[in-house]
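Pasting a structure here, questions to come.
Chains here go by letter, A, B, C and D, matching the order in which they are written, and residues are numbered from 1 within each.
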Amino acid sequence: MRLHEYQAKSIFSNHGIRVPRGKLAKNLEEVRKIVEELGEEVVLKAQVLTGGRGKAGGIKKAKSAEEAIEHSKNMFGKNIKGLTINKIYIEELIEVERELYLGFTYDGLNKSIVMLISTFGGMDIEDIAAQHPEKIIRKTIDPLIGFWDFLIREALYELEIPKKFFKPIASIAKKLYRVFIDYEAELCEINPLAITKDGDICALDARLNIDDDALYRNPDFIKLKDYSQMEPLERTAEEKGLKYVKLSGDIGLIAAGAGMGMATADYIHNFGGNPANFFDIGGATPEIVKKSFELLLQDSRLKVIFVNVLGGLTRCDWIAKGLIEAFNDLKVRLPVVIRLSGTNEYEGREILIRHIQENDLKGVFIVESMEEGAKKAVEISKGG
Amino acid sequence: MRLHEYQAKSIFSNHGIRVPRGKLAKNLEEVRKIVEELGEEVVLKAQVLTGGRGKAGGIKKAKSAEEAIEHSKNMFGKNIKGLTINKIYIEELIEVERELYLGFTYDGLNKSIVMLISTFGGMDIEDIAAQHPEKIIRKTIDPLIGFWDFLIREALYELEIPKKFFKPIASIAKKLYRVFIDYEAELCEINPLAITKDGDICALDARLNIDDDALYRNPDFIKLKDYSQMEPLERTAEEKGLKYVKLSGDIGLIAAGAGMGMATADYIHNFGGNPANFFDIGGATPEIVKKSFELLLQDSRLKVIFVNVLGGLTRCDWIAKGLIEAFNDLKVRLPVVIRLSGTNEYEGREILIRHIQENDLKGVFIVESMEEGAKKAVEISKGG
Amino acid sequence: MAIIVDDNSRVIVQGITGREGSFHTKKMIEYGTNIVGGVTPGKGGSEIYGVPVFNTVADAVKETKADTTITFVPPSVGADAVLEAINAGVEKIVCITDGIPLHDGLKICRASVYNNTILIGPNTPGIISPSKAVVGLMPTHIFLEGNVGILSRSGSLIYQMSYDLTKKGIGQSTVIGIGGDRVTGLSIIEVLQRFEADKQTDVIVLIGEIGGREEETAARFIKENITKPVVGYIVGLTAPPGKRMGHAGAIIEGVGGSAESKIKSLNEAGVKVGKTMAEVAEIVAKLLKR
Amino acid sequence: MAIIVDDNSRVIVQGITGREGSFHTKKMIEYGTNIVGGVTPGKGGSEIYGVPVFNTVADAVKETKADTTITFVPPSVGADAVLEAINAGVEKIVCITDGIPLHDGLKICRASVYNNTILIGPNTPGIISPSKAVVGLMPTHIFLEGNVGILSRSGSLIYQMSYDLTKKGIGQSTVIGIGGDRVTGLSIIEVLQRFEADKQTDVIVLIGEIGGREEETAARFIKENITKPVVGYIVGLTAPPGKRMGHAGAIIEGVGGSAESKIKSLNEAGVKVGKTMAEVAEIVAKLLKR
């Protein structure tokens, strides 16, 4: 779960990290009030949960309330990468001497936490990595031993940062690490971390991605989730606890397992088709299968649905039951291609085939393999 | 640093561990007020920093303010193991069904934290260990991995405690572990941990020993130190940062290194003498040597002082300088036996011997070995 | 031979009386896995499918001499279950649990390294050495004993891959899902080492997916250390960057981690990469005929 | 031979420019220890006593190929210094620092075990292999090269013991203070194993003290594993129970840990225990004449 900049900044600030003074505006009136309150040059920042806001016009400076309102008019309601701007965070403008990058995330390969720090702040870490790999210092942190001073000391010497900034940067790094640990983050990042003209250190941006799997331990965060920043179908899926990702094509996919979902999408693509989504129902109950159908049937782009199951944890008999419930209770107007193998496949196929025969369902095709299913679905999508 | 029961209970309570309602009384008036406030049968507990209060009359029940005052009169100002009672902690009386022991400490041999839990609460853990070793469950906690539920689950099954108490005991154990970690404790202990008649769990006593070496990180605790619970000379030593322990004899010892200090005491004892103290000046500056002399000279029991140094970190020249300062500035009326070897011993001996000769100091004896020094000191103490 | 589990493995099931635990315990026993006991706190002393149930892993290990465990427990106690097993001295842990918090995952994976415990998963379908033992929840009928070792982060893909091989009459030595979580125990490289040393294995199939850098690292390792032929399949070519595709690991972040970069690394290491799993099966078939 | 350090050791000093660090660096160099560099953050690029100073241990290791470090740093950064050395891949760490908080000590000692690093201390006077190298702050002139290995938690007692042996013309292979803290790295048993394997060592002197259970455990280990003669000395016979005698370890708590129980355990393991260190020296002299 990714927090908005303003939410992350509030957390960082509570942990003693200096952030610019700022407030959130939801309309033009609030914009005026906040700019007047701040009483100096401000920065307006669109609160959208995506990167690259700056280039997309989501960050503007303003010297007066009038100018701020002018900019805000061009922001509110606009889209950045498909996400609507409905909140603007307004901050005092900070005079910057130098911009750094500082972040903590995990490193699966090393079973570690990793601190990333660079003197090339303000750019995407991916771009720094690509253009100035030697300018990113990675420090591996043993998750059992934790973060100790020597790591930041090593990094700062490697970056050749002036000695006078060691203490304040080390102090911020320790606080940010504390945030990473206390909030069970996947990623927490200050980019840019500014060394200000007056020699202080200040977090100009703030990113905090919290581990969804740990939200049950931090239930307050669930309330912070901004569903306005989600694609409507994805939002519905999330609310129903389904694993759904929207893609751009016309073939609806339901697969058991994330790997299988991706592979099915790849196969469809291989055979010349275009998946409309990625849907993982691994380990599903009949109810989940039905809910998934419900969701897909709301998607007007679809020409066919391909159900691809080779079940381990996923039991074919349960999938079959869910499909039958969907056929019975929902208006399944689309052709459905079904591949059903794995755990309890004989039971599953049997009840499914019986149902198809008894109800004389025309648009339902049982296939024997993943290739056959993918080909059939592509064929139907092409009007075949 | 050992906290008083009432201090530890306040910390435990802040961490969500139930303790009996109670208040601290410093005089009889307060006793009356508190007993009336609590409004039921109470327990009066002398706040002295030693074990075995109960057997020494430091714990009394009272049904009325009058009875409480009667008991308090017998407590205030009395001694338990040499420690004066000047505070009484008064608590509601809890009806107890069953008493457990629960504690966390460290285990140097295994480089671990250890949880101790027993169904024989209320006894000293040493006595339980001696009389019912099978009734103490020890669970080793990896200090890097921390305390996880399975450890307390294993312990409770081993103790055959009824299942209904698992959750509340596990919850208290986790909170007590949190105290152990957050306060950098050497030991934290609830003994007895009561299962009350109404089925709740309550900490009837509380012990918390905080690591002295970590006090710089928890400076608030330094203020909680109760110097009234220390032997006056030990208190002066502590205030001056000296490592001093009072013993019962008449030979004052100053040694460099704790091991050497103990060995010197053993040697003295071997040769028929009695050490009056144990004093470690390992790594000392001249100032520390002088301060140590200052302290010893306040001890009217002494007949002789034995300085035994075989220095590594401790430099003999510094010791010599400190001794000379002591001889110059203090009234050293006692004979002093000096053994000086190790780092910079030639320099140290030279300046010391020169000083003795130049000032014609009569009662100062330079010896060549630890045995010789110990024998000489014993001889002098016997009037030889 | 085969790797990690075989007919000598003495297996316990953590969460044996739960819905999934009991369902798959039955299936494992039917397949012939030597299930020697199970653990469910509070159910100690009872029996299920003829094997004893204990309150703690320590008890189970003491009584059954188990060396392997499989955990069917909810994610909130997933880390606790793994640490309990490590602490009880179990040598091999198969952690089925999906949804263990990241920070728990980091701790248990690191703890398993420090304690020299083999941790498969979290979020793994398990491991099967066909005709010897299954410690997992695979549909066993799609596997066939043979000489191809298969490994993948994804459970469903090892099923499909094994299925495609079995259909061609090509059997497997051991098939292992190392787990779909962001951080997992046993690494691709450690599995490759074991397949290299395993006499039963002649060909290795490595299924990779987008995200992370493990496949790239494995490619370098293969080039330098693996003498047996390795065939690859990488899933996620059509996955859009930045979107999480079910698996926590399956998201492209930072430089590298794309399907293309992984295929390129593998090709450079002499690994043939199939476009579909059926194509992988054909490459394997050709290799085995030589 | 000798154990742990000798003329091949490549030693750096953490805190080399500090008061104690520089004083003892000079003494170590004079004794012949191969000091290859030092670390003081902020002093990188300078030189002291002809050896280069670095900002970090990582830099020092990279440039000097050091395998051993000795830390002269204040207690508040003692754990940080040790972890920095572990992280930089130093094999042997001598942690002089006295007063490291208990909970830091627990972490660094456990971390050293997990990372297979030899940690001597904290709160150790160090280690000396006479005529080869001293990595510590011992008064070197009281040692003599020879065939007796000495170990103790207490620094001052290894001085006295070595002194008593040297006076009799009996030399030492290696003398090591394992550290006076409540929790220390290298254990008595690990040192005994090394002396047992060391060809230069013919007799081992074990100096114990009240508190803890390590001597009792060592006694059992000696009985079962050590073939060389071991002579013991236990200090603290007259220490009153419950009082902390300087050393954190030197307090009798719980059952056992008294001087009497330690002497008894050692005697049962066939270890002769001297009443004074001079008596120990005499026992050693007799053993060597055989």
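Here, a residue touches a chain if its C-beta (ideal position, glycine included) is under 8 Å from a C-beta of that chain, and two chains touch if they have at least 3 such contacts.
Quantities reported herein were computed from a predicted structural model and do not represent experimental measurements.
Asker: Farthest from subunit C in C-alpha centre terms, which chain would that be?
Answerer: It is B whose centre lies farthest from that of subunit C.
Asker: Any chance you could check whether B-D or B-C wins on number of contacting C-beta pairs?
Answerer: B-D
Asker: Cα centroid separation between subunit B and subunit D, in whole Å?
Answerer: Going by mean C-alpha positions, subunit B sits 27 Å from subunit D.
Asker: Suppose each chain is reduced to the average of its Cα coordinates; what separation in Å results between subunit A and subunit B?
Answerer: 55
Asker: Calculate how many whole Å lie between the centre of subunit C and the centre of subunit D, each centre taken as the average of the chain's C-alpha atoms.
Answerer: Centres of subunit C and subunit D (C-alpha means) sit 45 Å apart.
Asker: Give, as an integer number of Å, the spacing between the C-alpha centres of subunit C and subunit B.
Answerer: That pair's centroid distance is 53 Å.
Asker: Quick check: what residues of subunit D touch more than one other chain, meaning two or more?
Answerer: 107, 111, 114
Asker: For subunit B, give me the residues that contact two or more of the other chains.
Answerer: Each of 142, 144-145 in subunit B touches at least two other chains.
Asker: Using the definition of touching given at the top, classify the network of chains in this structure as line, ring, star, complete or other.
Answerer: other
Asker: Going by the touch rule stated at the top, which chains touch which?
Answerer: Result of the pairwise touch check is A-B, A-C, A-D, B-C, B-D.
Asker: Can you check the complex and tell me which residues of subunit B touch subunit C?
Answerer: Going through subunit B, the ones touching subunit C are 142, 144-145, 148-151, 153-154, 157, 163.
Asker: Name, in rising order, each residue of subunit B that touches subunit A in their complex.
Answerer: 144-145
Asker: Give every residue of subunit C touching subunit B within the complex, in rising order.
Answerer: 41-42, 44, 55-59, 77, 79-81, 83-84, 87, 107, 111, 114
Asker: Going by the contact rule set out above, which residues of subunit A touch subunit C in the complex?
Answerer: Against subunit C, subunit A makes touches at 106, 108-109, 111-113, 125-126, 129-130, 142-144, 181, 184, 186, 211, 213-214, 216-217, 243, 245, 247, 255-263, 265-270, 275, 278, 280, 282-283, 310-313, 341-343, 345, 370-371.
Asker: How about subunit C: which of its residues touch subunit A in the complex?
Answerer: So the residues of subunit C in touch with subunit A come to 20, 27, 75-76, 96, 98-104, 106-107, 109-111, 113-114, 125, 136-139, 142, 152-157, 159-160, 163, 180-184, 187, 207, 209-210, 212-214, 217, 235-240, 243-247, 249-250, 253-255, 275-278.
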